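Here's the structure, in structure tokens; my notes come after.
To keep things simple, chains are lettered A, B, C and D as they appear, and every chain counts its residues starting from 1.
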Amino acid sequence: MLVVMRHGASEDNIQKVIDFIKSKGYDAHVSRGDLHTVIGAVGGKVMDPRDLELLDGVKEVIKITSSYKLVSRIFKNEDTIIEVNGEKFGGDYVGMIAGPCTIENEDQINECARLMAQSGVKIIRGGAFKPRTSPYAFQGLGEEGLKLIRNAADKYNLAVTSEVMEINQIPLFLDYVDILQVGARNMQNFNLLKELSKVNKPVILKRGLSATIEEWLMAAEYILSGGNREVILCERGIRTFEVATRNTLDLCAIPVVKKLSHLPIIIDPSHGTGLRDKVAPMSMASIAAGCDGLMIEVHNKPECALCDGAQSLYPEQFDELYAKLKKIAPVVDKIMG
Amino acid sequence: MLVVMRHGASEDNIQKVIDFIKSKGYDAHVSRGDLHTVIGAVGGKVMDPRDLELLDGVKEVIKITSSYKLVSRIFKNEDTIIEVNGEKFGGDYVGMIAGPCTIENEDQINECARLMAQSGVKIIRGGAFKPRTSPYAFQGLGEEGLKLIRNAADKYNLAVTSEVMEINQIPLFLDYVDILQVGARNMQNFNLLKELSKVNKPVILKRGLSATIEEWLMAAEYILSGGNREVILCERGIRTFEVATRNTLDLCAIPVVKKLSHLPIIIDPSHGTGLRDKVAPMSMASIAAGCDGLMIEVHNKPECALCDGAQSLYPEQFDELYAKLKKIAPVVDKIMG
Amino acid sequence: MLVVMRHGASEDNIQKVIDFIKSKGYDAHVSRGDLHTVIGAVGGKVMDPRDLELLDGVKEVIKITSSYKLVSRIFKNEDTIIEVNGEKFGGDYVGMIAGPCTIENEDQINECARLMAQSGVKIIRGGAFKPRTSPYAFQGLGEEGLKLIRNAADKYNLAVTSEVMEINQIPLFLDYVDILQVGARNMQNFNLLKELSKVNKPVILKRGLSATIEEWLMAAEYILSGGNREVILCERGIRTFEVATRNTLDLCAIPVVKKLSHLPIIIDPSHGTGLRDKVAPMSMASIAAGCDGLMIEVHNKPECALCDGAQSLYPEQFDELYAKLKKIAPVVDKIMG
Amino acid sequence: MLVVMRHGASEDNIQKVIDFIKSKGYDAHVSRGDLHTVIGAVGGKVMDPRDLELLDGVKEVIKITSSYKLVSRIFKNEDTIIEVNGEKFGGDYVGMIAGPCTIENEDQINECARLMAQSGVKIIRGGAFKPRTSPYAFQGLGEEGLKLIRNAADKYNLAVTSEVMEINQIPLFLDYVDILQVGARNMQNFNLLKELSKVNKPVILKRGLSATIEEWLMAAEYILSGGNREVILCERGIRTFEVATRNTLDLCAIPVVKKLSHLPIIIDPSHGTGLRDKVAPMSMASIAAGCDGLMIEVHNKPECALCDGAQSLYPEQFDELYAKLKKIAPVVDKIMG
């Protein structure tokens, strides 16, 4: 941490800052400039910068060490590549996850699985426990849904990913799914993250609606810090003042994350836009921006879907899109499909 | 729901919208204007407006029934007043909750409880389980902390509130605290909300950092819908582009919420600003805007606090502030202290 | 406009709404549903929806006619294609504009023009009047700058675009430039827009930092309404809570605008990200999302630039990028270069 | 500026940063810590921090001198008090400005002036040139409006404030008004600000919808830097994701600005909320938070107003509010009315 003293701060002010820093177990390095004296605090454990800001004569306090370690490129420079059922995310690879928003019944999920396999998809998605804004909306089939998607996936040699909503559900998910998803609303459910850090399966961590990229990486750090190194970051739109789309997809998060972290980053253009006709252009844009994968909602009959049908692609739309995506990937030196 | 057809939409377009509405179990009421035909959908259960938006000829779809019911003034017009240990929130009453961010040890929490009681406070706050952005930061004393705050509170006849972070912790909290808090990050942890709906104690529901007021009320609806009618809403700042303060305290949420809902709304100016010298002006402003209570961080030695000391008031500052607040309340026809 | 009455609104309430609507010169169409009576207001000129909202018994007021006309696809369904110096924007075409942030001196702008021409660019950009946040920063060369860029452009058969900051400068710009730019800070400088509506040259209208897409289209409407039909919309990032990038580039604005309006939309990834290493991925993403053009900052010596060197590409980087962009365009059925 | 080098940056990296800093006319002060080497750049004029960020081995670059000088408390510690027609803003004083959104005709503005004078107001507001989002909306009476408000004000001994929209209008405004207003959309119209810096009358500078407090102070610096020291800052809401109100009034800007600057800050709760029934609570809150004045829309017949009637108070509402505000001011050691 660096403490910048105000122009004209007294020697007494400076000494009190030094004393405070030392009282917290840090070393203090003083550097006197023409305008400002700057005091570096080095080596301690945890100090709230605002405590320093409130001392007399302090102009500003600046954090210089990011709080995340294991997720950063400084800790590990090579890209982490995560492989599930032959599909790879990270490095030169762009993976694909597709399927319906929700598991509705046996016929629907079987038909979706059949269509996905036919399209060349290797990982199917589908919600069993649904986080719904309204207590009166359909909340998912629960364990029954997990069984149905597992059976459907097995029939067509697909891997499965689904969203886990709380600690109690983890054992169930380990029985049925190959990748566990943490939803945007749970990005900072730290107890859940800690439990997932002990799990032996990859985790997709969605970015919270108002989370900064730094907070998102810190949330990933929770999972890595417990021993699980297989985290896939998933951007799905942030909340802004714009109302034309459900959220604002922050595609620049792709190059930002790839510079800071070795973890793969994928995009969910379905939740990120909320509208079927925006999914294709945003998927194309994501690949062109260098993402490591996509998660797209596809439904056998979107007009009958119990949830989010409006943002689900028709199977034919998905096939057409997937074909185009495979043409864009090589232009940015990526391998897809 | 109202479906506004485009100028020039064909009869066929209109008929397909009507058919779709009926297929979802709604009645369709058609009203033909000079420019636009408008079709009302009445009586069904759940329909995603975006499904209608994607039909040909549809210009716009408008929701006209709010999804929340029990929290609304339409369901219950009189203010809900919640009383704990003689302190009232709602109606004409402005309640006060104060105490340290975190329970650190026996001496600290005893001293804080003594100071709060001496200041006339009847409900003490203090965190036992801390949601920390970094996995490497102090995570709270856990159950031990709850015991310590309970003992300290009993000694000085105080009620206790503390944040519960997940379902597993609820039984523990019921043993030790009088009001359970749900933090901003958990505002949409729907499973937690459902469990709290069965609890027989009041719940403080903090607004999420990027939650709209409607989503916040929907989250409260989860708690009420299970039978717990004692919810206190707590505004604690939303995330915006402004960086001078930690968050932007949305004080206009006070009159907005009070118009829509009968539930009491309180303000947390400590987290809402993140800076000690902003707490007093924002507390004053909150009372003047008509809030039903405040939750303020006070620490016996803020400069030694393990967490958020920079936003905690000194006991003398709190006493001075509390005296001023009591002068403002009557100007807005409220009773405080 | 549609006025939705509250459940239980009285006949008297309804009548007063009807009377108010008629007093403003509108017709009132009443439609009674089971839950809500809805009153349509048709045919008048201007009515503030909030006036209706404040009447007793009114639940909600909904605008159903967008305020923009000439910019909308309803008014003109075919894409507007704007051609300058053989470079086309809109329809199947993706145009390119490139050049330095600022005109610094004769040598610099000549060298930039030479490099741009060599790269196949047909329109050069360069600022003569610079809107600077600080009054103490370099404010541009003014008219001298316009002369220099015109001469340089003529030497290499380039067209010129530069930002006009106020009405007084328009005659000067008409002498020297081929496309006039309106900066983000001036998007709602309505007097300037009105004057530009009388101009016989294309106008690039940048989106304001906090402008919704609807407001942006309304600003374009100002220019079209005076007779100038050649407006190119330019997205350059909106302001959000994210701090890792200068702004958040809203690429989903591309499909949103293309659905609502016939006007071409281009992207400025240089200002949209503020960082050189983010310009290439965001340019690629923009083309893949279907934009009609790009405006990119390139400088012969970015490390010596007087302004925004950090977001300017080196000439070699630009060439490499341009080559890749030309490979992506055909995948989305667009023609570039 | 402080350049923090990455852990493990080479001597060559460090030397190149030093060379770059010196090439820009700054001195370089090196301070080597255990983890990071920090290089201070002192004494130069203008350097873009991003240029440094792009050098190899650089972790972060931190600005430590704010770009504003004349507006800061460092330059002038005592509060600036601005007096117009006996009404004072700043220091211990809370001033009041009230009147209609727009000057509509002679009768309306005369009646408004009479009512304002009767209520004890000394400065009337009223728009002559209206910045309207739609080119088809009422654009104000122009010069005729200025004459009408001047005459009305003179009759009742009121001072006048109105919004100037561009440089050409300044001479006209100097003839008719006592305080010139710069609207939110023009906060960064730097040419206008420069001209207003030469004017011999106070200027109210509204905060832009997406302006940070630092940018707002920089805009004020433009006015002060040309010689006009009478600037009143006016907060009127910022744009956020919340849709229940037109804007989010950032009342914490009051203590933030008062700490950084000596200039008075007033609040416009009418535009800040957009709804009549939110104006009173937000006005009360503003005074309690320590603001130096208010600007409130009042109309003799709000239901007939040509513009923004929905956010205008009825005269009786204003009187009742003003009486309450005068009771709150002394609690925060302020003098009002």
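The definition used in the following text is that contacts are C-beta pairs under 8 Å (C-beta built on N, C-alpha and C of every residue); 3 or more make two chains touch, one makes a residue touch a chain.
Everything numeric in this text was worked out from a predicted model, so none of it was measured.
Q: Touching both subunit C and subunit D, which chains are there?
A: Chains in contact with subunit C as well as subunit D: A, B.
Q: From the C-alpha centres, identify the chain that is farthest from subunit A.
A: Most remote chain from subunit A, centroid-wise, comes out as D.
Q: Please compute the C-alpha centroid of subunit A, do the same for subunit D, then give the distance between them in whole Å.
A: Whole-Å distance between the two chain centres: 38.
Q: Determine the centre-to-centre distance between subunit A and subunit B, using the mean Cα coordinates as centres, and give it in whole Å.
A: 26
Q: Using mean CA coordinates as chain centres, what's the gap between subunit A and subunit C in Å?
A: Between these chains, centre-to-centre, one finds 31 Å.
Q: Two-or-more-chain contact residues of subunit A, please, as numbers and ranges.
A: 210, 238-241, 243, 277
Q: Quick check: in the complex, which residue numbers of subunit D touch subunit C?
A: 20, 46, 48, 50-51, 53-54, 67-68, 131-138, 165-168, 185-186, 188-192, 194, 208-210, 215, 218, 221-222, 225, 238-239, 274-277, 303, 307-311
Q: Where on subunit C does subunit A make contact in their complex?
A: For this pair, the touching residues of subunit C are 210, 212-214, 238, 240-245, 248-256, 259, 272-273, 277-278, 281-282, 284-290, 324, 327-328, 331-332.
Q: Could you list, by residue number, the parts of subunit C that touch subunit B in their complex?
A: 2, 4, 6-7, 27, 29, 31, 33-36, 38, 40, 42-43, 59-60, 62, 64-65, 74, 239-241, 243
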